[in-house]
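Both complexes shown next keep chain A, but they swap its partner, so chain B is in the first and chain C is in the second.
Up next is the complex of A and B:
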């Protein structure tokens, strides 16, 4: 066996490239290497989604081909600036490598808080990472892309907040990809222990306008009575193919808030599964999408109520322009034991162009009878009165649209407790309007 | 291997949550019937040729059937989205055609006595039948009795069995036959197209408003016998008609299959209202395809109530083809022990300023499962389309289950689409209040459930709404306590 292991940064998603990736990580725990090997086998054996797959209904399957993408080894110097706002600690990745990092305060370190790149966390806290790694996988159709993520995962962060520790300011991670056909596979693991509180903000950005591939996975855990806030802001290049699988596990009386902002990408799929596992658990699932050009945003969600007295509230808002297309497919599942569940699911689509397309599949599967569940979906245009009012005040139609979209989004943004984040996300969304 | 004696005595199935205190045999009836024509069990080209031969059909109909058979055989079961229960249908054990070989009758006197006896058991007095505008009673595959009231015939309305109509008026019916629902629409529409028999064909000439509802009763009356009626209603410009179908069936131990195709065509400014009360026996698979085309300014309204059957899969649809067309589906489903009501609606907007409304209410009782599945489609380049969908589900008893799977596609910025769904249970306060007033828990529950569907039941014609309320009461009585 004399396979020369090529370290070329342009090697595709093939067995050889995977072998190189694995060989470089021989210092990591054996279970992790085994998990990667298993994931690679799964990735190669799983078929690509097919037309009859209900999980991919309405999606453009010709756009998700994984051919021609390469796994980079070298970071790029083209790294966009991190938005400026107060935060506890930051880690910046470029092409899967750490390129910037601020340390934890002594106080947080002393309390046992860990915020580290995944490879480092695996080396130093292998058993702790293992306890939370892929414990509750997402099964919403993107299994192949999750397997690909695990096989090549190197960047991504591990955030661990021990029992009772409350961190006011958010932790921040930025994932950057630069270079034609380069790909990144961020894998984020957050564990907020019993009674602890923390938030993590992740930015996904491209260093250039080239075609990229991104497949990210999150494992988010909130222990008993814990508070976890997760914000993911995706602004890849307009030619990026993006997959993201988000798993939320909420224990007894835990409070989880999860907001995803989707701006970039050619075709972006986001899967999110929240499990309300302990009595009294609550989860807010929020998303804002601005779709323009020929972008396709495909969002699939699942709210599983496994314990009694659990509540969940989902609000996904899409603003559509040009020939953009969105798909929202949501499902609430109430297990027979989960009596006194209170679950809501709302999808609102604002169509700002006569060629945009909004697909909505809001589903319910209820097996308990003492529950309150509802879902709603609306798709419509800007009310003519609002448009007229703004124009009668001398505001041009483009600006009027922007204002109306912000008014439409404010219901979601207002749910953020951190006002700095509110401002940062508003700016980010505004930047998309400036592009178009 | 087990000894033969053990195999010979299968364990008696134990009913979960049996509905106590109800005379379950009330709707049971079965008469020995001698069938003159019998295509035997199983389906192949010979079966199809036999059916077509018995009916002395023209070549194009036989070709249509044979093509459909091929489509049926090639299409997979839709179990990637639908329930796996479909796999329990044994197509080889079903009889696809049985007939006594009688011609559709014109007068009541010509109807054989034993068939009259069956009607008696159905509880429909002869007087009432005469009162109704037209009764088309399907006894197994053939229309056994048809009576178009003179006034209707004088107005030029054609109301006859499918076989007869294709023979006598091909110039009217061939144009639309199989056009609203193509053979290849789904596996069961293909099956129906291959073996269809019975059903009504109606043509209403321009401007004619049929004041009284036309009515049909369908029955299944032979073990393992599938019923595949085919209905086509064409209502010409500015004309109006209401059509009602009700189903009752005797109870058998082995599953039977009912797979109908119903096509409606509403020409410019026409109005069609199609009312169904489905109460098949609890062993029937009821897999029905229903769709209408509404031309400019036309209105099609489906009122669909599903109470019986083991599994019903039925999503009445309207293709809104002309400007300003309106489509409406009102759906009530009641799923009791062992039942799965998988119902819904499809609204395909294909012209400007078209509007559609879907109101679906389901009640799941005991082990029952109800599912709403819907499609609302508004394609590119249309203006001013509106859809409003409401789905409410009521759960009674913690073993019941309800699902909602809508699919909504909207293209363009000049439409308004709304979907709301809720799941709830009967409030304890409400039951408590009624018990305070001296009602038993069962009575209170029955009243609450009737209240839940009351605003929809009121849209049914009088005699149906009364019957419906009684059916719901009967279903509810055994579900509490």
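Up next is the complex of A and C:
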């Protein structure tokens, strides 16, 4: 008698699935395969976060179970359209595979610019990728999920801009996940060399409303006097569990601007670590979150000033509705040699519901004696007189809240130099109000 | 012709509903008419206008407010506004980050049927024309609503909104307060331009001065939550000459 076992179309996050993933990449550099193997070992050996872990204070730990998720083998045709705005080049991923791409202009290619899917970049520019891969990892509690990312990373982009090359229009990547319990692991590496300028915009979207898992990692490097702008716009399905770790490394006189917009997901954790490594380096760390329903957004940040005359400015704004919850935990660390540091950290929460919960844990750790540092957090309801004023002009309460939230966010959006991106992000944020 | 009828209205603070501020006030305002309501401080003038607009701090504890015979008391503040009520605030709220252009556009959008959209080109053309009328710099459209505005700018911004939204009944709460004479003239000119068959105005003021520039059809003196005297514009001059104590004395004599 024969028994037919109907195989699940997708395998879970297990050793067998990892072995298949690795076997498909035997053509990639040995160091990469070794890094993946090491990451897999780390993922399996690290415990899940526990109640006593300070890095996970206030977080809903029962929500981050990784059981039942699978790693997709095939792309899906359900891929939302990329917002329409001028850009240098785009790469679209669906379920970890490239499904759309526009090439670089000849001019950029001739200048040595590389914008490629990670696997391709590893195949063609392995040593260059290695120079920037996980050089400055994030250690804010999500190490297990970063290890999972590295183990399964395939989708993600490598953006390399050589010395002195300035690219006006942004590079764009879209990561899409589709299908019940499917997962994606975008790993993005950006290297803007000395005196170069470029920006990258990443959209994280679901092709359907199913439950997904996403664990993304970014390694962002700005060389001496380089300008790097990074925008991550996360709009996963409402049932997605999301982790993201951003690492920013700013060299001497580098200017980095990093904005993350958080809209989607059931529970989304975002860790961001900026290292101001060279004198004169500056980093803007910005985030906008619209939390509704029972969503939880958990943001952990670290600004490390390692060199003198460095500046950083963090502004995280959360708008909370319904029974949503946000956590902001931030720390500024000023090393003893980082004199004349200016570092700011501000978290503002706008509560549009009595049942929403905003937690804020700002912190400073200063070892230099000639610095300017400040941190602050505020949480408040929509002022009643603002609400009535808008209503007295015929605007209904829901639209009045939307306007007030946009007004609250404008301080951050106004920092974007690219007006097309300002419009694209505004539209994206608006779409969340249309759903609810 | 449309009418706003205030019928034996009593109003209290929502926080202390047992202590009425407006105590049985009746007044009918028809479109085409400008009614001035004068009176000493603390007599319930502002309370009256805010309660009609639906301010949540005030509770209507008796009587009714009707537009063309239909009560508006069950309506939310935004519904009352769309039904034709406009409150020009004594102290307009500042709304950080919301530009005047976006704010007024949202207010216009709110008056359109589902699926219709504001025609952006026509909207800006109309907005700029009204701004020019009110001597408001066109750059103001990009500024946040009332944020950092001078007293005069805030009041002109209120009149601009009124000009754009074309209400049926405007309740103007001490629009003259905090204005120097030049700003007062601009505001008055703006209101005079809006006067006409399709607008009824209730103009609350503490001072006769405003009435030199906006000539009312009717003047009412409010005292202790009620209208105690009504007349034409000559009543305002009489009030100016004799002061509010005259009304108090007259009332005391009448009740004695």
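Operating definition for what follows: the second predicted complex is superposed on the first by the 427 of 436 C-alpha atoms of A that agree within 3 Å, B and C clash if a C-alpha of one lies under 4 Å from a C-alpha of the other, contacts with A are read in each partner's own complex, and residues count from 1 in each chain.
Here is the rule we go by: contacts are C-beta pairs under 8 Å (C-beta built on N, C-alpha and C of every residue); 3 or more make two chains touch, one makes a residue touch a chain.
In this text the structure is predicted, and so the values were computed from the model without any measurement.
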Practice prompt. Go through the superposed model and pick first if A:361 touches only chain B, second if only chain C, both, or neither.
Written response: first
Fill in: Touching partner for A:422 - first (chain B), second (chain C), both, neither
neither
Discussion item. Output check: A:371 vs chain B and chain C. Expected answer is one of first, second, both, neither. What do you get?
Written reply: first
Discussion item. Output check: A:404 vs chain B and chain C. Expected answer is one of first, second, both, neither. What do you get?
Written reply: second
Practice prompt. Check whether chain B or chain C contacts more residues of chain A in the superposed model.
Written response: B
Discussion item. Looking at A:136 after the superposition, I want to know if it touches chain B, chain C, both of them or none. Which is it: first, second, both, neither?
Written reply: neither
Item to complete: Could you look at A:181 and tell me whether it touches chain B, chain C, both or neither (first, second, both, neither)?
Response: neither
Fill in: chain B and chain C footprints on chain A, overlapping residues
none
Practice prompt. Could you please specify the touching residues of chain C with respect to chain A in the complex?
Written response: 53-57, 76-78, 81-82, 86-87, 89, 92-98, 102-104, 106-107, 110-111, 144-145, 161, 165
Worksheet item: For chain B, which residues are in contact with chain A within the complex?
Response: 80-81, 380-381, 393, 395-425
Worksheet item: Okay, in this complex, where on chain A does chain C touch?
Response: 383-386, 388-397, 399-400, 403-404, 406-411
Practice prompt. Provide the residue numbers of chain A that touch chain B in the complex, in ascending order.
Written response: 52-54, 57-58, 336, 339, 349, 351-382
